[in-house]
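Please find the structures below.
One chain, chain A, appears in both complexes that follow, with chain B as partner in the first and chain C in the second.
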Partner chain A sequence: MGETGAAARPWILLSPALATVAFLLVVPVLFIIVYSFWLRTATGAELPGFHLDNWQLVFGDPFYRDILLGTLRIAAITTLFCALLGYVPAYVIAMSTTRHKTLLLLLLILPFWISYIIRTMSWINILGSSGALNTVLVGLGIVPEPVQMLYNEATVILGLVHFLLPFMVLNVYVSLDAIDRNLLDASRSLGASSLQTFREVTLPLSLPGLAAGGLLCFVLAAGTYITPLVLGGPRQAMFANLVFEAVITQLNWPLGSALSIVLLVVLGAVVMVYNRLVGLGQIARSFG
Partner chain B sequence: MDNTRRYERLLDRYRHGDVSRRAMLGLIGASAAAYGVMGGPFRNFARAATPEQVRFDGWGGVVSEAFRQHAFDPYTKKTGIAVVDGTFGGADEYIARVRASQPGEFNLAHLSGVFDYARYHGLELTSELNEDNIPNLANVIPALQDVFRGITGGKLSAVPYDYGTTGIAYNRKHISDDEMKEKGAKILIDAAYKGKIGGWSDWKTRIWYGALQSDQDPNNIGDMDAVWDAIRANRDLVLKYWGSGAELMSLLAEEEIYVTEGWSGRIKALQDQGHDIGYLDPPGGLGWQECIFVLKGSPMEACEELLNFMLEPEVAIAVAEGQNYPPALDPAKVELSDKVKALPAFDPSGTLEGLNFFNAEYWNGNEEEWARVYSRVERGY
Partner chain C sequence: MANSSAVQLNGIVKRFGGLTAVHRMDLDIEEGSFVTLLGPSGCGKTTTLRMIAGLLEPSEGEIVIKGRSVTHTPIHKRNLGIVFQNYALFPHKTIFDNVAFGLRYRDVPRGEIAGKVARALELVQLPDMGDRFPRQLSGGQQQRIALARAIVIEPDVLLLDEPLSALDANLREDMRVELKRIQVHLGITTIFVTHDQSEALAMSDRIVVMSKGHVEQVGAPEEVYRSPKSAFVARFLGNANLVEGRVGKSSGETVSVAVEGIGELLVPASRSRGIGEGAAASIVVRAEKLFLGAEDDTPHADALSLPGEVTAVDYQGQAARYFVEVAGRTLQALNPIEERPFRRGDRVNAVIRGRDCALVPLEDRP
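Moving on to the complex of A and B:
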C-alpha cells in the first residue's frame, strides 16, 4: 500500500461509522436548524425562508426561559435523588461476594423489560385515591380519607427517579467494581476505620461512576415529556413538553425546531462540561 | 407541478424527440433510485392503478374490531384489496405523521370533523370524492355533510361517520343532578370542588368552555380576556388535565376527580360499567362529528368503495354500538337499533339543530394565537 493509501486507510475504515453519524445525527440536526428559520402560516403550512421570528420568541419570551430553568431544576433534583438512592445498591452489589452477583445485576435491568410508560402509569395504582397506599392508610385508620398524592412536582420527580435509578446504579457499580481491593485492605491495615476507608478511598475512586450516572440521569430527565404528562398536574410541564406541543398540537414545526435546538445546545453544553472535567470514557465503560 | 404531470411531460418530450431514449430511461432510473430513498412518483402511480392494499388509521379498540369484522374483511373478500389497519393516539399526532409522509402513504382515517377537516384542507391534503361511487352517502344526515362541503367548495374529501358531545360528567355521589343543572358549565370554576375538577387538555375545548363560563358565544367571542380569566380560574382548581379517553375514564372511575368535561360515548361506557356518573350537555355545550377522511394521493376508487362498505347501515350501527357514539346515518332514512337510540347526544330528528359545533372558519382563523397563548395560560401565566 502506498503512502497515500496508508493515509486514507483510517478514513476508509471509519467511513461506515462516519456515514451513520452523518445520516442519522448531523443531517437531521441540520434539517432542524433550517426549519427553525421558517415560519408557520395560518393554515399550518410552512413558509420557507430566513426568518428570526421563532428565535426572537424563544429568547424574548420569559415563558420559555422559566420552563427551561424549571426543567433543569427538576432534572437536578432527580439526579441528586438517583445518586443518593442508587449508591447503596451499587455498593452492595459491587462488594458482595455472593456467587449470585450476575443475578443481582440482572434484577437491576429487569425494569427495562417493561415499557417505560407502563412503569410510569403504575404509580397511579400505587398513589391514587383508591390506590394501594391510600387503601392501606385508610384501612389502618391512619387517615380518615384518601390523601391526594398524585399530579404534582413530587410525583413527577418520583416517576423520573423510578425510571432513571438503574442508570445510576449501573454506572456506580462499574466504578466500585473496578476498585482494587488491595487499596481497601491497605487502608484498613494502616489503621483507618471502615467509615474512613469508605470516605478516603472508596468514595473518591467511585466518583467517576457517580458523575457518569449523574450525567445520564440529568440529560435523560431534562429531555423527558412522558412523566410530567402522566404524573404531573397542569403546571408541571417540562421543556420537552413544549417541543411536543409546538410540533404535535400546534403543528408549528419551525417553533418546535427552535425549541429543540435550545434544549440540544443546553444539554450539549452540560455534556461538554462533563467531558472536560471527567471524560466520556467512563460512560462507555459502564455499558461494557 | 405534481409527479404525475412531471412524468407526463417527460413522456411527451420523449415522444417528440426532445429527449433520447437513453436519457428518458436514465431519468426514470434516477427517479426509481430516488423512490428507494424517499418515495416517488411511480409508487403512487402503481397504487392508483391497481392498489394491493389501502391503509386505514383509527382509534383502535372495539371500533377497529367492528370495522375489521363488518367492513374490512367483506371488502377484501369482494375486491381482493387488503386493508392495513393502523391506529393513532390523537388527531394531532396523526396529522404530524401524515405531513412527514409521502402522498399515498396514508389513505383513510377516522378523524374529528370540522376543525381537523379544515386543517387538512389548509395543508392541501384533501382529496375529491366521486359521490357516485358511494351510494350509501345518501343515507347520511345532510347537516353533517354540509359543513364539510362548505369548506371544500361543495365537494367532499370525507364522509361524516358519527357524532357526539363534550358535555360535563359528574360523580353523583358528590354532585346532585339539580346542582349540576343549576351551575352548568360554571361548576368547572366552582372553588368548592378545588382539587376534584378535571378537564381535557385540548385548547379548543378549554376556550369553548371558557366562553360559556364567561357568558359568551363560543363561535363569536367578544371579550377574550374574560375567557382567559375563566381558563385561569379553572386551571387553579383542576387536579389534572387529561389527554385521552382512557385517562378520563380512569380519573372518574377512581374518584380522583368528581367533575370534568367528558366525551358522551366514554361517559356512557362508564355508566354501563356501573359507575354512578351523570352527564349533562349544558346550554351551549359542544357537539362534534367524526368522519372517514380520504387523503390526497390515495387510490380513490378503492377508497370510495371501502367508504361505501363502512356506511352500510349494519357496519355503521355496529361501530356506533361499539364506541357509544350515534352514527351519521339519518334516522329518517335508516332504522337504527334501540341501543343507538338510547345513546347520549342521539338526535332522533336527524337535523342536529340542538347541537353547537365549532365554526371552522372562526376557530381555524384564531388557532395560531389561541393555541400559543393557551400553552402559557395552562402553565400558570
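Moving on to the complex of A and C:
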C-alpha cells in the first residue's frame, strides 16, 4: 500500500479544490455542451437528442460571424484605449516617491465598490439628452437643442474603457513597480536621456504587465453584454448579447448554449495564444 | 596647479528635509587615483557619490569634474561610469547590448562599437559572453560585465557603489585584486564607496573616512591606519584599544603620556596630533601591537609589561584575538600563534611599546 498511498497523496490533498472546480466549472460547461445539441421545437418544447441544427445555424448564418468579428473589434479598440490611458496613471503611481502609494492604489479600486451596472448607467446622466453635458451646451447656447450622444459604438467603448481601466492600471503598475530603479540610473549614467531611458528600459520591462492588462481587458470586454445593452443602440449588439437574447428573451436555451460555447472557445484560444507568447504568470503576479 | 585634479568638491552640503546628510564637504581627487569613501552606513558616503554622479543635487556647494563645474549638469551629460551594488544590468538585453549601451549614445561610429565591446569584455576576462543574457551569468560574472559597461565609454571618473558587497567572501577578495588591476591598467580616476575597511586599505591610494556626514580624515591607507586623527577613525579601521591618559612632557621626538594603573608611555610626537601638555587624550594601541607573553617572560627595555588574564579567545587559524583583563580594563590583542594559543584563564604579560601607539583627542561623549 505504501507506494500507491504516496502516489495518491497529492490527489487526496487536491481533492477539495478539484471538486470545487468540477462542480462549479466543468459540470456546468458539460451541461451547456449537451444542451447545444438539443432542439427547441416551434411549440417551445425542448427536444433532447443529438441534433446539429443549432450549430448549423451558428456557423451557417453570416449574422453571427459578423457580430463575433464586431465584438472582437470593439474589444480590441477598448483594450488599445485602456493601454494608452492606463499607462499614464500606472507610471505616475509607480514612480512617485510618496508614502501614500497604497492610498493611490486604493482610490483606483474604489469604483469597484459601486455596482458595474450603476457605473455604466451614470453615463446616461452625463451624455443623455437631458444629461449634464447637453444641459451645459444648451444653456451656453452652443447648440440649439440637445445632441444625441448616446447609443452608438463610441459610447459602448467609452463605457467599457470606464469599466476596465483599473484592471489595466493595476497590471501595468505591478510591472513598473518591479523595475529596479538602478537600471534607470544606469541607463542615464551611460548617456541616455529620460525619454531614451523610457524607450530602452522602462517600456520594454513593463511590456509583460501591459500584455497581462491587455488580455484581461480584451477578454472581459469581449464577454460583456451589459455595456452594449445600456449604452449601445440596436446595431451595437455584441456576441454576449446574442446569448442573453436567446436564453432570456427567446427562451431558446439550446441555441444560447451553442452561442456561448463559440464565445468560450474563441476567448479560450486568445488566452492560449497569450500564454504561449507571454505566460499567464504575470496575471497571477498582479493579483498576488 | 601642481597635479591636475579630476574631481573637486567645494563645500558641498546635502539636506533631506531637516536632516543634513553631508556637511560642507571639501575634497580634491587627483587624476588617475583610487579614492575610497569609507564609513558606516548613514555616514553620507553614498549620498556624496550620488551627488558626484548627478543622481542627487547638492543643497549647497559646487562639484567640478575635469575643470568643468557640473553641479547642475544632468547625469547623462557628465560622462561618468557607475557600477552599482546590485550590478543593474539590463535584464532584457544581451551582454553585448548591455556593454554597447553607452557607446550608442556617444559619437562612436557603428563599425567601432563591436571592437570596443570586445576589448572591454576581454579586459574583464569574459570575452565569449556577448550572446548571453545577464540572468545566465553568476554574480561575479555580472559584476565584471557591469564594470565593462562602465569603462567601455572611457568615462572621466569611475564611480563604484559598494560593488563587492553582494559577492561571497572568496570571490570578493579575487574581485578586489581584479578591480585594482583594471584600474591601474586604465589609469582611470576611481571613487569607491564601501563600509569595509579591509577593502579600503587594500585598494585605495587615499581613504576618506566619513562619519555622520563629516569627513573625519583624508590620507593614504597607511597614514590613516597608523596615525588616526580621531577616536572614531582609530576604532573604525582595524581593532584598536583606546586607553585614556594624561599628556606630560614632550622631548621633541616623543611625548610622555601617563595612564592610570599602567604607567608612562612615550608616544612618537609625529603621531600625537599636537595635543598639549596637561590635556587628557586617548592612546590608541592596535590589537596587533599588544603582545602577549608567558607570565615569566623577561621584561622589555623600552616597553611596559603588564600582568593580565585572558578572558576570551577568538581563534582565527593563523592568529588569535584575545581579550585580556589588564589593570581593570579589557584590552584586545591580535597575536600570531607560535606553538599553541593561550587559553581562557591563562595568566599572561601584556607588552605595550610606546612607539607603536598614537594619540587622539578624547571622544565627544554624546
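Quick note on the criterion: the second predicted complex is superposed on the first by the 287 of 288 C-alpha atoms of A that agree within 3 Å, B and C clash if a C-alpha of one lies under 4 Å from a C-alpha of the other, contacts with A are read in each partner's own complex, and residues count from 1 in each chain.
In the analysis below, a contact is a pair of C-beta atoms (placed from the backbone, for glycine too) under 8 Å apart; a residue touches a chain by one contact, two chains touch by 3 or more.
Being a predicted model, the structure only gives us computed values, none of them experimental.
Counting residues of chain A touched by each partner, chain B versus chain C, the larger count belongs to B. Using the contact criterion defined above for the overlaid structures, shared-chain residue A:L150 touches chain B, although it does not reach chain C. Once chain A of one complex is fitted onto chain A of the other, the partner contacts of A:P204 are limited to chain C, with no touch recorded for chain B. When the two complexes are overlaid on their common chain A, residue A:P234 makes contact with chain B while staying clear of chain C. Of the two partner chains placed by the overlay, only chain B lies in contact with A:A42; chain C stays clear of it. When the two structures are aligned on the shared chain, A:F63 is found in touch with chain B, with no touch to chain C.
In the superposed model, A:Q196 makes contact with chain C only, not with chain B. When the two structures are aligned on the shared chain, A:S187 is found in touch with chain C, with no touch to chain B.
By the document's definition of touching, of the two partners only chain B reaches A:L242; chain C does not. Overlap of the chain B and chain C contact sets on chain A: empty, with no shared residue.
On the side of chain A, the complex with chain B involves touching residues 40, 42-45, 63, 67, 124, 128-131, 148, 150-151, 229, 233-235, 237, 242, 245, 247-253.
Remark: chain C residues 53-55, 74-82, 84-86, 88, 90-92, 101-102, 105-106, 149-150, 153 touch chain A in the complex. Those residues of chain B that touch chain A in the shared complex are 90, 92-93, 95-96, 99, 119, 122-124, 195, 203, 235, 238-241, 243, 250, 254-256, 364-365, 367-368, 371-372, 375-376, 378-381. Note for the complex: chain A touches chain C at residues 180, 182-183, 185-193, 196, 200-201, 204-205.
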